Structures are given as structure tokens and as C-alpha cells.
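Presented sequentially are two complexes of chain A, the first with chain B as partner and the second with chain C.
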Partner chain A sequence: MSDPRAKVTGRLPLLGDGLDGTAGGAADPGPGLLHARLLTADVAHARLAVDTTPARGLPGVTAVFSGRELEAALGGRPLRFGPVLRDQPPLAVERVRYAGEPVAVALAADPDDADEALRRITVTYDPLPLVTDPIAALTGATTDVGTSAVTGTSAVAGTVLHPRDGAPSAAFPEIRLRRGAGTNLVNHFVIRKGDAPGALARAEHVFTDTFTTPAMHHAALENHVAVAVPDAQRIVVWSATQTPYKVRVQLAELLGLPLDRVVVRTLHLGGAFGAKCYAKIEPLAACLARVTGRPVRVCLDRAQTFTTITRHATRATIETGVRADGRITARRVTAWFDAGAYADISPRVIKNGAYGYGGPYDIADIWVDVYAAYTNRPPAGAFRGYASPQAAFAYEGQTELIARRLGVPASQVRRVNLLRDGSRNVTGETMTDCHYDTLLDVAEHALADGALAGGALPDGAPDAGLGGDADPPVGQCLRGRGVALTVKGTNTPSVSQAAVLLNRDGSLQILTSTVEMGQGAHLALTRLAAEALGIEERMISVSLPDTDTTPYDQQTSSSRSTIAMGGAVRDACANLLGLLTRLAADHCGVPAEQVRAGGGQVRAGATSYGYGELVTVLRAGQLRCEGAYASQGGLDHETGQGIASSRWHQASGSAEVTVDVETGRVRVLRYHAAVWAGRVVNPVEARMQVEGAVLLGLGSALGEELGLGPDGGQAQRTLLDYRLPALTDLPVITVDLLGGPDDEIHGLGETAVPPVAPAVAAAVADATGVVITDLPLRPDRVLAALRASRGFAAAVPTSGAAVPTSGAAVFRDDVHPLQLPAAQRAEHERTPR
Partner chain B sequence: MSTGNGTRWVHPTSLGEALAELAVPGSRPAAGCTQLAFALADPRRRPDRLVALGGVPELSAVQRMSWADGRGTLVLGSAVTHARAAADPQVREAVPVLADVFSRVGNVRVRAMATVGGVLAGAVYAWDPPTVLRALGARARLDGPNGRRTVPLDDFYPDPGRTVIDAGELLTSVEIDVPPPRTVGRYLTLKTRSAEDSSCLGVAAVLGFDPSGRCVRARLAVGSATPAPVGFPELDALLLGEGPGSSSAKAVADGYAERVTCVDDLRAGAAYRVEMVRVLVRRAITAAFEDGPA
Partner chain C sequence: MTVDRDPRLPLCLVVNDDEVEVRPRGHHTLLDVLRRELDLVGARPGCTVGACGSCTVLLDDEPVSSCLLPAQLVGTRHVRTIEGLESLAVPGSLHPVQQAFIDHTAFQCSYCTPGFILTATALLTREPDASRERIQAELAGNLCRCGSYVKIMDAVLDARDRLRGHHDDGSPYDGSPYGGAPHNGTADQQTADQRVADRGTPDRGTVAQP
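What follows is the complex of A and B.
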């Protein structure tokens, strides 16, 4: 069991800690460890020529490779990996597709020697056209494809990032894609429920709005790290990964080995947030270990981690038909997700995005098209919330806009549309276990009863002087409150397996491949096993994942571990009780019906044994039982209809903000998070998970965004360039975990993330009357929106200066048509014909 | 591996020794190391030789000198930490706005290490204390092989990212004349990303009043948004003679906004910063006037 304090004091061994790769002895790579240092591209799209000759033969330097040289050393076939499409090389070959992509590696026992070698490598870049916008990536590419098929011109090849398609990966063999070879389309996911175009044509009002969210950095404290150890038959890879079994599949197919020849092991992770799903640097470590025959450690620095994986930037246009009372009658969504230079898990992320755009609302006719496109940005992948935060910002933003245009409260628009038991959701599933009415009640009550609003702040709460900012004079600071309601699915179908080992002293080992990355999964599993067997938690320990010894688990992600692995552990414990019952019956010569196992005891007739005592008496050595959990579901390829998620994670958020109308600065004073938790296994850690989710959401709402430098270069290299919320930025955060001991367990890892940004944006709209449709709510963006709002102009004392531009925003729709003059606004609203 | 492999440290115990060590080619002074830590962690930027200033008593003193005519001067040694400057009773009593700015830099961990000399000599435009020190008319005292010289903060940054400190010279202290009674100092900042972020803009206003509440001295400085702290005395002079409800605050603010050149970085674009100069200069003046007659 990891003591949370051990993380702070540094006593918890992490793979990235030990300079020799040993992490305090927990992961011993043996003698001869080589450190791999990476040379990364400083241009975003170019043909590449790498000369490693000057770096060879330096003192202490074992080997130096370009991408092409690494392929040659491993037999000459292309090395490509990816969980869905195998399109990514461990080191760029021929072409670099994003700034920060590794282009060469140097190996040495002393990393300083490897660094010296990197300085000698010369890289020549022949620039290719830059693709940084997913829509341009698709339209530009499809326009050119017709010509390219005929002419094969290099200009066209330059705008298509992957002229040759990646092979499918065995990591997700079931996934079906919709894509065009020779284009930048990674995948197109479709939902067709009812007849959205027909219903829109019949609608009383139709509103069309566009929302954008930027790329984000996961910012786990521990950077990516892997140590690969070869031997004659097998390869062992220690990795800070959330998905040991998926990484094993990816490494096996990359190296052409059977699965049993690849071992993946993890220690505790220093945070992950989705960044450590699927292979990232493990393929490079494994290839280098194979080539050199020595243990190789790859450990990225922060600048490299920034470009390894990101959260998708998105743009979504939502067309919604409503009645005058706010009832939604139809919706059509077209959204673009910027996948970056490699597909990673984008094909699946957009599936969750697609069903996400329905929100927690009952919409009879809804069509959704989500496109993931290759661009010359760092790859985007799994990120806490898995597209639901981006979708929630869009649909809840439109809820606010619709309410304002119709002149009805946003609360009413939500109420008349909520999914309730028996409703059919966006994928056509008949809903059960819906709690949106309760969540909305809680969210609105939290604001209405004065618990959040008005009154004095508690002692120690942040006040208007926080952080030394200018106190805006009274009258230049507006206060507002907002609510958001969201839904999020979980990985479905899903498989987890576990084993429990009962020792003769009564202690129990749980063998699980669930990765403990700070979320408290191991503690939850311990508690569930203790409960099932009626023994004390201190008698239970949880293994670290090791594909040689711990049973199969799909992955640690998607708020699934307490449900799925918890289910497997409980199943294993039930099987253990059954086994103890049978063994005791045999031993005592009584019918099994007369044996009771539970509460730490096995009672067979008049005899009673402690669990360990029975193992001892039986001379069994150790008892082992397996357990499993599997959920079913899946969506139809043509219609997107079916079971998208085995559980629906439901949440609401309430924010109270102030907006300084002269600077555009938004300050969140208080935030109330409510989640449908069902049965809470560990209240303390559950609450911490929700609080952490709120912090992450606040970062996305107020300031976090990954930009691009000039010419597509890397803009952020350190955490000073990319500011996360600091403790001193935090509002008063309160948490409601709704549900009771008899309810089903619901996942909590991500549930509270999606409401945060839309609730904060709704509060800003409440304060100012301006609904901002682009994240984050940076001061300059908010100020520009306020100034562009005619209704607001009088309240902002300006001297007629030019409206500030919004910096590195990808898209420019900062202001909604509602803020346009009436004549222009009319073009955006179509009334029934 | 990552903490100074190949960097040689020397530990002088007097100012004379420190200057002698700094005369060795390739030497750089090291105090709180909050900024140097980045260079130490990067093999490409690791300094060859560092002269630790922590053992030089002359650099760690806070002194208040009193002159025969009643005026006073506060002398902060360059190795005095932000935390100490913020907490020092003499600083808090004599120049509260200076204690205020040092108490707001970064976070408690940074303030415990970062020094008065480092924040000036580092010449990083985003840092706050230089802006306040400029508005206070502070002077930097430099000691070197050719003796001692004193440079007003107004002249301390000849170019963006550069100071007037010559090779072999050391910034040994900062002198601040203790403002006369009825002086009000205000430092306002704008942070765009986090309360712990460097300021996107800082505006310092130091205004002196006569007993009737009329402004008799005014010195403003704008920093963090500009390549180095700037002030425009001819604009400041518009405030002289004004009383509560100053009618010139807006004119001064507009003048600053028209004349500053702002930087473009990840905290904000230049155009937005210029607009914020207009807002914060006005707010700083207004705040100072509100407290002036008190």
C-alpha cells in the first residue's frame, strides 16, 4: 500500500527517480545500462537528412542512430507503432511531422556523453507545407487527392502527412475506421439517430453555434520513462505506463515477437491523466535494447514530454432545433479534432466525442459527424475526460445561448430536455440509473441557498486581493454564477482479470495489472477485498503490474478500475470463499451446505478456522483464485447506435466568478462539484479525485493552452511557459458525492472534469451577458468579447483603442453572433419556413 | 548528473575574496540560484565556475543610514532574500511598498531563496521588484576591480536583458532613500494565467503629499510588460499639485499607454498589455490618491 506521504517525501520508488535506472532497487536493469538521449526536431514539417557520423566514436558513446539507421540495424523493415494505426516511427524517418519529434538518439553509460554526441549530429531540413488546422488538413488534402492520384506531385505529398497508410494494430483489433487513403483523415465517426435534417427543417427555431477548445498538456509530474532489458529470448520493459498489456501487444508486433516473449512491468506512476496510455517511448527503448543487447533507459525531459502527447484541440459546429420553451427537437453536430502528426488513439477518442455532443439530453433526432485529422502538431491522445470536456463546453455553451435567445432560463432549457429513466440517449440506448434531475437540483441549490452566493467567505478563503492582483474598483468587477450538467462514458466493452492469493498467515495478495498512478485504485481494491472477505485492510497487499505474473487488464483509464478491476477482485474473493468452503467441507467431512466462509472465518459444523489457519491445516501452502469482470456493448459502424458505455458518469458543476470588465480577468470564487458516485468505496480518496478533477477543469477553463511558435515550432518547453493552476489560484471547492451504499459503484476519476469549463463560462455569461465560445477564458479574450459586445460597450470605459487581438488562438470566433448587431445576427438564426 | 557536473564552486568569506574570485575568467556569482538552477540543470548552459555569495557577510545586511538633515537611506545587501526583505521591520516601516512587492514574488519557496541582487542583476523583464525600485528612485551599488560606483535604477538596464554591471563587477547592495512622511506607494500587477505566474504587467506609483493632501512628488514605473522598467517623469509631473479626485490620472494613464513599448509573450500579446497599462496606471494613481491625505 502506498502511503500518500511517501510521494511527497520521495520514498515512493518511481521509475524516473534512479539515475542508474534502478528506482531504489525496485526495477533493476542489471549491469551495463545505457542512457538514450534524444535529438528532437525544431521544425514542424520537413524532409529530413540526418548525419550521425560526426557523433560516432566519441569517448563513452556506445551508439548513435538516426531513424533510418535504427531500422537498418533491426533488419531493414519499417518500424512503426500506434494503438490503432501503426503510423509512428520511434525516430523520424525521411520526414519530420511535428516540432519536437525525435530524429536521432545517442547511447552512453553517462548521459552527459550522450548529450555531447547529440551536439555533433547534423540535421538538414527541407521544409514541407505546414498543416496546422484540421479543417484545412481535410479540405486541402481532399481537393488535392484527385490530382495526386494522377500526378503524384510532391506538393500534394507534402500536404498529406501520411501518403502511405499505417497498418492496423493488434492492440485494438475490433475497431473499424472510416477514412480515405491518401488524405489527412484519421477517422470519421458517425452517429445517425432519427432524421436530424428533417427535424431541423421542421423546427420552430434553429441555432447554429461554433465552439473551440485548445490543445492541452497533461502535466503529470513524472515525465515519460522506460527501461528496456534484453536477453536472448525475451525483452523486459519497465515503463511508466497506464496500459501494460496494450504496450505488450504493441511491442510484440513492432519486434515481431510472440506476446509471451515481451514482459511489461510498472512501478507507481507520478501521475498520468491519459498521457501514459499506449506505447510512447517504449518502442524506442525496446528497439535500442535489441540492437545493442544492453539495458537502455529512455527518460524524457519536460520539453520532450510537452510534445509527446496532448489533448485534442477541437472545433465543433452545433446546429440545434428547439421549440419556444427550450425543448430540443433536433441536433446536428460537425466537429473536427486535431489529431496531430500521428493517429495514436484519436480514432477512439472521437467516438466518445461524437456521443458526447448529445449531452445529458433527450434528443429524438441527432446526427453527429466527428473528424480526426492529421496536422503538423504534436500527437493528441487520451486525456482525462476523453473528449467529453470538449463536447461539454460546446453543448452546455449552446444551452446558455439558446436560453438567452429564447428568453427563458437556462435551467428551464435543461429541465425540459434531461435524460430520465426510459429516455433514449444519443446512441439509442434506453437509459436507466439517470440522476440528472438530482444533479441539477444540487447544482442550482448550491447557488441559490446562499451556501455559495453572497455572504462572507470562510476564513482563509481567497479574497479579491489574491495573488497581488490589482483590486478592481467596485463597479468594474461583475459577479455571476453558472451551472453545467454533463455526461461521460467509460471504456466499453471492457475486460479485467484479477487473482487473490491467500497465505497461511491469513495475509492476502491481490494480483492486478491496475496501475496505481496516484488515483488511489489500489486502496479501493484493498477495501473491496477486505469487505468481501471480512478481513482487515492491513492484511492485504496489492501487486504492481507485471505481465508475467499479474492477470490481464485492458488498461487503467476511463474511470474504470474501481468498477472493472474492483469487480474482478470481488469475483476472485467470492471464488476464494467458495474454495475455502469446499476445502473445509472435505477436510471436516461435512456437506458443503453446512460450511460458512466469511468474516475472516470458515465454520464447518462445530469447527471454526481462521482463513490462514485453514490453509495451514490443509497443508495447502497457498490458495489462489481468479476473478474476472467483462462489460458488453459497442456501436454500430453505420449509425453509431448501440451501447456506448456500461455506466454513464453523471455530474454537475456550479461556479461563482468575478469578471474585471477593464482587464477581462476572470476569478473563480467558489466551485461546487456534484457527481453521481453511487456506492462510494473510499470517501476520502473519492473526494480528492473530484477535487483534482475540478483543478484540472479550472486550468482548462481559465488559462491552459498549448500554442505553436512561429512556423509551427514548439512554444512551451517548461512549466513556466505553461501555467497550471497554483494553490493560490483555487476557489473554495465543495464536493457532493451522490448515491448510497446500495447503489452501483460509478467511476469518479474523470466525472467532475467536464462541467468545470462550461460552468465557469456560464458564470461569466451571467456576470456580463456575453457567452464566450472559445477556451480558455484568457483575460485578453474575455476583454475582446466584452468590447465587441454592443450591449456591454457602455460599461467598459475605453478610449476607443483597438480591440486587442487574442494572441495564438487557433480559431477566431471569440464572440457569438448574439453579440453582433441585430442585422448580422439575423443571418445566424433561421426561422421556420 | 543534472546538478552541476563540471561546475566548480568557490566559497569566499569576504567581499574582497569574492571580488578576487570573480576576477577569475569564466566565474559567475551565485546566491539564491532560483534562476541559475535552470542553467545548472542544462548541460549546454552549465556555468564553469560559480562564486557562492552566501558566506560574504557584507552582502547579507539590511541597514538604515541616517543623515544629519534627517533623511535616511535603506541599504539592502544583494544577498538578502526576498522573504527577509519582505519581513524586515525597517523595510516595512520605511518603505512598505518595497516589502509588499518582495512578499508577492513567486511563491514561498522562491522567496526563501531568491535575492535582492539576483532579481536586479538577472535582468528578466517579467520580474516585479525592479519596477518598484525604479519608482522609488533606488540606486545599485557596484563593486569591482576599479572600485565602487553607484548607478540609478533608471540607468541600470541599458538594453533589454542587460545591465550595466561590467565583467568582474558585483552588485553588492541597493540603496533606497527613505521617502519623506506622507508618501504613498502602490504596486499593482496583472497576472493572466496564475497567481504564481510572473506578472504580465506591474505598475508602481510612489506619490508624496503635502499636509493638505496635494501631490508634491510623483514617480511611476511600468514593468513586466516592457523590455525593462520604464517611467516618464514628464507625465508623472502632471500629477503635481493635484488633490483627491485627481483629474490627471486618466491623462497620465493614456500618456503611458501611448508611450510604452510592450512585449509579446505567452502571458499576453503586446496590444493587450498596452491597454492594460492604461487601466493599471489609472488604478494605481487613483489608489495612491485615495490613501494620500490619510
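What follows is the complex of A and C.
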């Protein structure tokens, strides 16, 4: 566990720090560190010729490589990596597939010398047709789908990004793919529950709607960084990664080494949000270290990080059959995920997307087809929420549309369809631990009390909101409220292992490969161990991941660490108590049944020892116990039926917005997030995870979007073009962590993300009568939708939630949702509403 | 061999009250010098276009993005980094703004934290009575992707009050431990449950359950 003082003094060791790449001594690459600087492609699709000759021999420059030269230096075999399909080269070879792809590298002890070398490299591009739309990528046809986020501009039939297939990776050997070699199909995931076509044919009403979400940038403020250190026998890679053990597998297979010869270590991470899952720049760093025999540091700049990995742009068409009361009788979903130029983890992401489209609803007959397709965009991968936010925007958007068309409240559509204990979900699993009724209750009541939104707020305010600058409203502002209810799964099956080491002074070391990236996992593990052993938290420290010494963990992702690694740590602690009991029984000559270990003490008959005291008395040196957690599950390849997730992360959101009818600007005044948290281990950190999830969701709802430039490259590559939520965008955020001390622990890292965008969209619909089906809700898009909808201001929308006062009340928006003082907000959070 | 087109030139700077000599190249920014030559790594590269505030330092007590400022243009102005903030406080203790960030757990990964603390410190030095809106506006140039804004506002408001020498509730400051020792977690949760129970079962009307 890090000292909080390190966080406020800038002394938290980060891998990018240090004169010599040692992060102030926290990492130790040894002497001779070389800095690698990358030359990246400025076109999206082309045949490539790289001439590095002019860059060679410059003062201070140790080496320069193109992709082909790097392969030649390592023996000539193709270098390809990827967690599922090994389709990505560390440096482009022959062909560049996205703008921003690394095409050459220069190495020097002084990074300025490497930069100078890059300026001498000449790259010749012979353009290839661009594939920018996943649908066109698969059909070979251009599509005409308006302004959708995944509409391409110039797809050409027959352009296949990867004519030769990537070999499967050992990182995810269990993933079975459905794809055709020699096409742009990365994977096609199928769910077949019941007979959706038949049920749709029989349905009273069938509604078909299409929703799109754009690509997004993770924007962890710490850019990707890795340091690879070779020695005769093996290679050590320090990396800011969320997945040290997966990276180890990927590097081992890339370099042809057994796993024990590859070591992956991490320090603390400056944020991650999914971007740092699986190998990204580690393969390049490792290859360069092998070739040069020296430690090599690869540290990306923001523009390079922008194009390293993104969130999938999606397009989903949902066809839903309903009865007049809103009961869903059938659903068929076809969705396309833009995987970008390399598969990364897309094959797995679309699985979660596929089961996500069922939502928290009980649908007897549902078929889902999700396609991930290669395009000439930067690769897309894991992103906080893991396809759930994209799916939730679609299914909850359709919930609103269905309600409006049937003339019933959206609340009713939700209520008659909710999954409850005993229901069978989209993958046919019989549900338990369902809390959707409660979450919906909370969501519908959260904003019913208008006390927060009126003039009672302190101080008045400057006007500001995400999706606009600090300008006052121009026109009338319509106010609306909306609700969304969502579900997200977690990585299943999954495995975590941990060890605890008890020292003779009673202090405890937790050895874990869980990566601490700000989410508070190490604090949670500390607290769980302290509880299990009955010792003080200050007696406990948590290791940083090191595959040489810390036990196996699948990965730090998927809101799984407190459950999975927490389970492993609790198991290790239970084993330690058992060991202490046996040792004390032997030592004191009493039956083990008469020994009690717990609360920091071991009592054997009349004798009592502190834990450390017992270690000392026994001359045991140090006691070590292992622990493990494993969840079971998996889906049938043909039908997508089975256990998709070991936990279901359930959440609701309530948003109150204003929409400026002259500018189309949407401002979120307040937002209530409710999550089923079960037992909360650390309420402070848990609340922050939820608040952070809401802010990420607000960015996705209102402004964040990676578009395409006229040249087919990604339009946004700086944080000036790509605006993140700032303090002036902060609405009043309130949080409910539902559950109690006797409930099971549920993951919280992502749970609150999926409801945000659909809740905001529902609030905009409540305000204006217009359901917008494309993210983000940019002013121009909102304005266009309002103008396309005649008489929107007069329309009285069907209020979706139990918020009868909302409607399309027109008022002059002259107050701002200021953050309440902490004391007042705490009071608000405690006050029954 | 080729002539070094951008040679290193000696330069004197005043950093955290000390005069230091550095040798930056012409294109090196203050951030480059701090991180590469002085090992002051609390100023961090985030965007290198002045948009995120991670590299914030104080220049004569005003926050600047050190990623945008050529080192050669710093001149005689005093540079203060997060590493030099403690010297402003009582020896041996953190600056009150730093302490407030700890007390409110106003960070997650903490990559952005030094920038927020320095910007807030500058503001509260200049405007001890800064309003909530001023604070929000002034800190809008610092980004936190983890989304700790609620707690950051709490911390800065609290720091403002501490620096003004009083507390709204009149209670003396007590340094609560990081992560919140049992933060009434159980009570919180029961309250949440109770809240649902208090509302009773919502009226689901005449809708038939499936």
C-alpha cells in the first residue's frame, strides 16, 4: 500500500520517472539505458518502404530499425503479437494499417539524438484503399447510414487488411473464433436463445432501431511506458501494464522463451481504464533489448498513446417484439464493432457486447450477432465497461422508444421485463442475487425531490457544462429527467492467486499481482486481510506485481480484483490461521480443536501468543500461506448459452439535464448513481470509483468522440481536440452503494459507467421529446434532431420515470448545479428521499 | 561528424529556493529540465500541449504548464515544484493544501495531484477567500481522468478554510487516516437499504408481472 504522502508530494514512483529510467530507484534497468523514439505513419493504409540509412551513424545513435530490419536482426522470422490473434507487428512491415502505427525506431542514450535520427529516416507510402467502416469491411460494399459514427467514407470492395491470418496466442487459448480467413472479420459472436425469428413474427408490435457510439480515447494521463532489460538467460520487462501475467505469455511466445525466462514487473500506474491491458509497447521494448543487449525504454507521447488503443465504435440494430403493455417477447440484435487495424482483445469484447444486448431484461427468445471487423483505424480494445456502455446505450435507448410508441411509461416497460431471482437471462443462466427492482426504485426516486436543482444552491454560478464552454445559455432551456438500468458481467472463468507472509514482528506482507492504478485495490486487499486476521491495517503491506515473486493473477481488469484477488487473499489468510492453529497445538501439546487463532492472537489452552510472537517462539523464520480464487463458467460456442459471468454488476442512473433550444447544448445538472455493491470493503474508495465512473460516462455521453480526418486518419490526437470532463463540468453527483455487510462483494470499477449515457439521453428525450440514437449528444447533433422534430417544444413527452414534475417545462436556466459543500452533500446522501 | 544543431547551453534557474545550473538544449522545456536534469518528477508529462495541467509548476507563485515553457525563457523567475511545496509549510509537515488532499482522499492514481495542489495553492495564496466558483474555474485547467473532482473540490475548500484559520463547524482539524479508518461503511450501507425500505414498495400499478 502506498503512503498517501507520496501521492501529494509527487513521489509515488512511476515508471516514466527518473534521470536514468529507474523511477527514483524503484525500477532498476542497470547501466546503459537506451531511449527508443518512434516514427509513426502519417497515412492510414499503404504499402511501405522505409529507408533508415541516412539515420545511421549519427552521433549518439546506437541503432535504427524499420520493421523489416528488426525482424532480420532477430533471426528473420515474423514478429507478431496479440492476446488472441497474433496479427500485430511491433513495427509495421511492408504495410501500414492505421495512421499513427509505428514504422521505425531510433535508439540513443540521449533521446534528443534518437529524435534527430528519426528526422533522417525516409518513408515512402504507396496508398492502399481505405477501409473505415466495419460493415463495408465485411460486405465489401459502401453503406449509406447517415452520420453514424461507424459510417465509412471510402471503403472499397475486396480490401482485406490481413490477407494472412494471425496465429492464435497462448494468452487466451480458450477463445474460439468464428471467422473466415482472408476476410476482415475478426470474430463473430452468436447468441441463440429460443426462436427469436419465430417470436418476432408472432409479436404484437415489432420495433427496429439503430444506435451508434463513437470511438473513444482512454486518456489515462500517464502515457504507455515500458523498460526492457536483457540478460544472458532471460528478459525483465518493467511495464505500466494492467496485465503482467498476460504480457509475460505474449512476450514469451514472441521471443520463443519459456515463461520462467520472462519477468514482468509493474510499479503504480497513472490510470489505465483498460488501455493498459495486454501487450502494447512491451513487445517492441523486449525485441529492441534482445537485439541491442542493452536496457531499452519505450515511452510514448500523447499523440502516440491516442492511436495505440481506443474504445470500439459500434453500430447496433435492435429488433424487439413487444406486447401492448411493454412486455418484450423477442429480440434480435445485429451489431458491428470497429476493431481497428489489429484484433487486440476484440474477439472477447464482442462476447460481452453480445450478452450485453439483453440488458437486465427477461427475454425468452433472443438472438444476437455481433461482428468485429478490421478497419484502418487505430486498434480498439478493452475500455472501462468493456462493451457494456455501448450495449446499454442501445438497449436503454430502445426502452425509451418502445415506451413512447406504446404510450406507456418507460418505467412500466422496465418493470414488466426485469430479471428477477429465478429468471433466465440472455445466456440462459438462472439468475440469483438480482437487485434490479431496488435499483430502479432508487433511480426513479432519486431526482423526484427537486430541492437540489432550484435556486437554493449556494452562491449562484457561472454557467458551464460539458459539451459547451463557459457561455451563458442562449435560448430557452428545457429541463428533463431520465433513468437507465444496466448490467455488466465480469471476466469468467478467472483465476487469482495470492500469498501472505507473516513476519516475526507480526507484520504481514501480501504478495499479489493485482496492479494498483488508482482504483484502490491494494487498500481493499489490506482491509480484507486485516479483517480476516484481526490485525491492524498499518501492520500490512502489499507488494507490487513481479512475475518472479508474486503469484499468478489473470489480470487487473473487469472490476474483478476485490472479488477475485480479495478472495485469494482471504483464502490465504484462512490458511494462515489454520497453520498458526496447528503450529500452536504442536508447540503447546494440546489438540488443535482447543486452539483458537484470530484477532491477532493464538490461544492454546491457557497460553496465548501474538502472531509474531508465535513465529518467534517457534523459530519459524517467516510463515507463508497461499490462497486462490477461481470462478467457473463459459459460453457454448454455437449458442452463446451458459454462465457468462460469475457476478452481475447491476446499476442504475438518474440524470437531470437542461437542453438549450437555440444551441442544442445539453448540461447535466445532477446525476444519481446507484450500484449494487453488496458488501463494501472500503466505502471511501468505492464511492470514488462510482463518481469516477460517472464522470467517464458523462464524457462519453456529451462530448468525447474520435472521428476520422479527411485523410482517413484519426482526427483527434491531442487533448486540445479531445476534451475530457473538467471541474467546471461537474454536476451534483450523488451515490448509493446498495447492499449490506452480509452480502457478497460486487465489483465497482465499471458498474456505474453503462447507465450514464442512456440516462442522459433519456433526460434529453424527456426534455425535448426527441430520442437521440447516436453518441455523443453534441450540440450540433441535438440541434439537428430538435429541428428535424417539428413542434418538439410543444410535445409532452411520455415521462419515462416516476418524475411527474419533469415534462418539457420551459424555464430560463439561470442557476448552476454547484457542488454542495461536503457536509451538506453528506446530509443529502443520508436523507431519505 | 555532424555539428550538434541544438547544443546544450548553460542556464541558471531558481528552483525551490535553490540556484541550480542546468544545460538544456534550445528546444527543451522547463518540464524537460525538471525531469531530465533535476530529477524533479512531480511535474509530469500528460499532453504536452498545455491542456491537462499534469506538468503544472509555479513561476513566481503563478501556475504555468511547464511543458509549454522553453527553459531558456524562465529567466530569473522563481520556479516552485511540488517537491518544494513542503518548505512553505511548517517544517516537517505537509502544506495545508497537501494535507487537505490526504484528508479528503482527493486522488485516485494521483498522476494529476501535484498539478491540482500547485494550482490550488497559487489561487488560495492570491485569493484567500476564493469562492467555490472561482476554485472550479481556476482548477478547470487541470484534468483528472480518474474523476476525483468531487473530493478535489472538498479538499480545496477545506484547505481554503484552514488557511483562513477557521473551520465552518468550529471543530479543530484532526488528521484522519488515509482511506478512512472504518468510515461508517456499515452504517452507510444500512442507510441505503433503509432508504429503499422507507420508501416502501413502489406502486407498480396494474401491470401484470411476467
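Criterion: the second predicted complex is superposed on the first by the 743 of 833 C-alpha atoms of A that agree within 3 Å, B and C clash if a C-alpha of one lies under 4 Å from a C-alpha of the other, contacts with A are read in each partner's own complex, and residues count from 1 in each chain.
We adopt the following convention: a residue touches a chain if its C-beta (ideal position, glycine included) is under 8 Å from a C-beta of that chain, and two chains touch if they have at least 3 such contacts.
Model, not experiment: these values are computed from the prediction.
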Hey, is it chain B or chain C that touches more of chain A? C
After superposition on the shared chain, which partner residues are touched by A:Asp112: those of chain B (first), chain C (second), both, or neither? both
Please indicate which partner A:Gly707 is in contact with in the superposed arrangement: first for chain B, second for chain C, both, or neither. first
Kindly classify A:Pro779 by the partners it touches after superposition: chain B alone (first), chain C alone (second), both, or neither? first
With the two complexes superposed on chain A, say which partner A:Thr616 touches: chain B (first), chain C (second), both, or neither. neither
Contacts for A:Glu662 in the overlay, against chain B (first) and chain C (second): which applies, first, second, both or neither? first
Pick one for A:Leu724: touches chain B only (first), chain C only (second), both, or neither. both
After lining up the shared chain so the two structures overlap, which partner does A:Val684 touch, if you call chain B first and chain C second: first, second, both or neither? second
Touch test for A:Glu222: chain B only (first), chain C only (second), both, or neither? second
On chain A, positions contacted by chain B and by chain C: 19, 112, 470, 718, 720, 724-726, 728, 802
Help me check something: in the complex, which residues belonging to chain B touch chain A? 1, 5-6, 38, 43-44, 104, 107, 187-198, 254, 257, 266, 268-269, 271-272, 274-276, 278-280, 283-284, 286-287
Report the residues of chain A in contact with chain C in the complex, numbered from low to high. 4-12, 14, 16-19, 24, 58-59, 112, 116, 218-223, 268-271, 273, 301-302, 325-327, 362, 412, 415-417, 438, 441-442, 444-445, 458-459, 461-462, 464, 470, 517-520, 523, 527, 537, 677, 679-685, 688, 691-696, 718-720, 724-728, 730, 733, 736-741, 802, 816, 818-819, 821-823, 830, 832-833
Contact set on chain A toward chain B in their complex: 19, 110-112, 115, 119, 466-473, 662-663, 665, 702-703, 707, 715-716, 718, 720-726, 728-729, 778-780, 783, 798-799, 801-802, 804-807
The residues of chain C that touch chain A in their complex are 1-2, 4-6, 25, 35-37, 39, 41-49, 51-52, 54, 81-83, 85-86, 94, 98-99, 101-102, 104-105, 107-114, 117, 131-133, 136-137, 139-143, 145-154, 157-158, 168-169, 178-181, 183-186, 188-196, 198-199, 202, 204-205, 207-210
